[in-house]
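Here come two complexes built around chain A, the first alongside chain B, the second alongside chain C.
Moving on to the complex of A and B:
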């Protein structure tokens, strides 16, 4: 690699698709989802713990933004872990399907092996990316909500609602972010 | 002698003034609202409450009522504007048995007659002004046996567990 500094097209594609960086579209999806999930505890603390939304608007906004950042960070990490595994698992099925599709049409049947491989890689990445994105969102959402409920109903129940809110959301989102990094280190 | 005389006159005057202020109630008609504790979790003791708006045909200005329950007589407090008489008592949950509690109301005349009969251990013929029956269901745990918080946390745990199992399968 040091001799041949210029990366091949395939390598660039691989780096782009399997790197830790996420595309703008994916990033936007992550931030939107993280924001909605971070806003869910507001309902709990407004209606169940009876906090006044007007009095605590600053607290609510700040904590929601902090949670949004932590959760979207966790989304990215879990997506990165899952994408590799999913790509490996679906490789055979995608190859078979793309080959079948290419062979069924006369204009694509004559494509070279390399072109076919590129198409297979592109398709595989797309499918793995989508599955990992949606699954990462689902997994982190369930973990965050579960931790937040436990914190607010049992661990921090004796504190006043404001302290309870800060403790529950900060601990839950922080733990979600922490778990996402720790498992990526082990996997 | 003069001391005893003054006391005697005073007590006579006082009892006379009480007699004047306490007016009887004729043809009492009462509309009552009753309440008794139903939820054991929300109250440390069972409370019974009877609120009666009494109307008499002679419209007495100062109507004092007494309530009789299980042979015991109690004065009944009334609201500042004289419109409502409220009688209440509390009992520990275990002693507040379920069933019908019958409360008889008397005015001062009835109260005096009843006390007299009680003192001479006779059976009183005095009829109450009106009677209120309070049906008490023994206080219990209303609603679900499990706390709603527990259900919410368990549901969240189950969904998260399902998500983790699926994630582990993916990462195998």
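Moving on to the complex of A and C:
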């Protein structure tokens, strides 16, 4: 039993690659993107809803940080859900491509089956990670901006701009985060 | 409000016509209208005056004086608040426009303008007041912009902001996705 519990280095790497936890680099990318998209509504509330940025600096800062947290949380969830599905879908194409590349060079042609499989796994993980990350950013950003526009220009348009801002951004980011927790969010 | 003003003008006109038939003198009716749909702080406000002579003789020494718009609240962009006409022939009308700029928002009581004239050569000077539109709300520019301005440039810049947030991630995803798409891979 204790033998089964002990994970090999390869298994640990595999778990790290396909686990829910994201790397520092990925996490930084998510936070930067989330911060940027959270700051986009400020432009509309300043220019279109005529809010004074100096008077609302605290409100703007707090809500931007809250939105950043919610959206980055959604990024991670969607990425985690997508990565498995994408890895399965691209397996065939990646295997063909890696095999083709390895066979075309004499120095890599004679690699063992295990080494080839490792390279395929590494490539598959990279491609799946890239696709899942970019799609997660695209999907969550689009959903957040769409919900924010609907909230601020239709649902809450009659409210005071400050209340409208809080309602729109909180509801949009909260809904994005909530949707990301659903197992069928992107299926 | 406008219906009421129109009715009032019609009533005064009728009254003026009736009295004009019985006396040889001029009778002036004065209307005062705001041509803007919205009265907004810092935006031009056009006020139009029309003076109708419904009497049977010319009105002479006609003078229109507008005292509603004080200089603290309204800036004169074009036109004069006091204007004179030598005479207005019977059945004729004259008009006068002024363009003002409200300097602050709030509710203003815009009352009637005063017109003085001589109904006939030997008659005493008469005073007549224009129609008035009473309490008028001058909208602040922020509220007006929020509700009515098109913000084309602002929306254009917002559109540009969606490029790095939406289109760039999509383009990167699409380039990878199309390369390893299952259906395409089979064709290789």
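The definition used in the following text is that the second predicted complex is superposed on the first by the 177 of 187 C-alpha atoms of A that agree within 3 Å, B and C clash if a C-alpha of one lies under 4 Å from a C-alpha of the other, contacts with A are read in each partner's own complex, and residues count from 1 in each chain.
Throughout what follows, a residue touches a chain if its C-beta (ideal position, glycine included) is under 8 Å from a C-beta of that chain, and two chains touch if they have at least 3 such contacts.
Quantities reported herein were computed from a predicted structural model and do not represent experimental measurements.
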{"item": "Clash or fit (per the criteria above) of chain B with chain C on chain A", "value": "clash"}
{"item": "Partner chain in contact with A:82 - chain B first, chain C second, else both or neither", "value": "first"}
{"item": "First (chain B), second (chain C), both or neither touched by A:40", "value": "second"}
{"item": "Which superposed partner A:145 touches (first chain B, second chain C, both, neither)", "value": "both"}
{"item": "Partner chain in contact with A:154 - chain B first, chain C second, else both or neither", "value": "first"}
{"item": "More chain A residues in contact [chain B versus chain C]", "value": "C"}
{"item": "Partner chain in contact with A:135 - chain B first, chain C second, else both or neither", "value": "both"}
{"item": "Single chain B stretch clashing with chain C - from 4-12, 40-48, 94-102 or 148-156", "value": "40-48"}
{"item": "Overlap of the chain B and chain C footprints on chain A, listed as residue numbers", "value": "89, 135, 138, 142, 145"}
{"item": "Footprint of chain B on chain A - complex, ascending", "value": "78, 81-82, 85-86, 89, 135, 138-139, 142-143, 145-146, 149-150, 153-154, 187"}
{"item": "Residues on chain B engaged by chain A in the complex (per definition of touch)", "value": "149, 152-153, 156-157, 159-160, 162-164, 166-167, 170-172"}
{"item": "Complex interface listing, chain C residues touching chain A", "value": "142-143, 145-146, 151, 154-155, 157-158, 161-162, 164-166, 169-170, 172-173, 176-177, 179-182, 184-186, 188"}
{"item": "Residues of chain A touching chain C in the complex", "value": "33, 36-37, 40, 43-44, 47-50, 89-90, 92-94, 96-97, 127, 130-131, 134-135, 137-138, 141-142, 145, 161"}
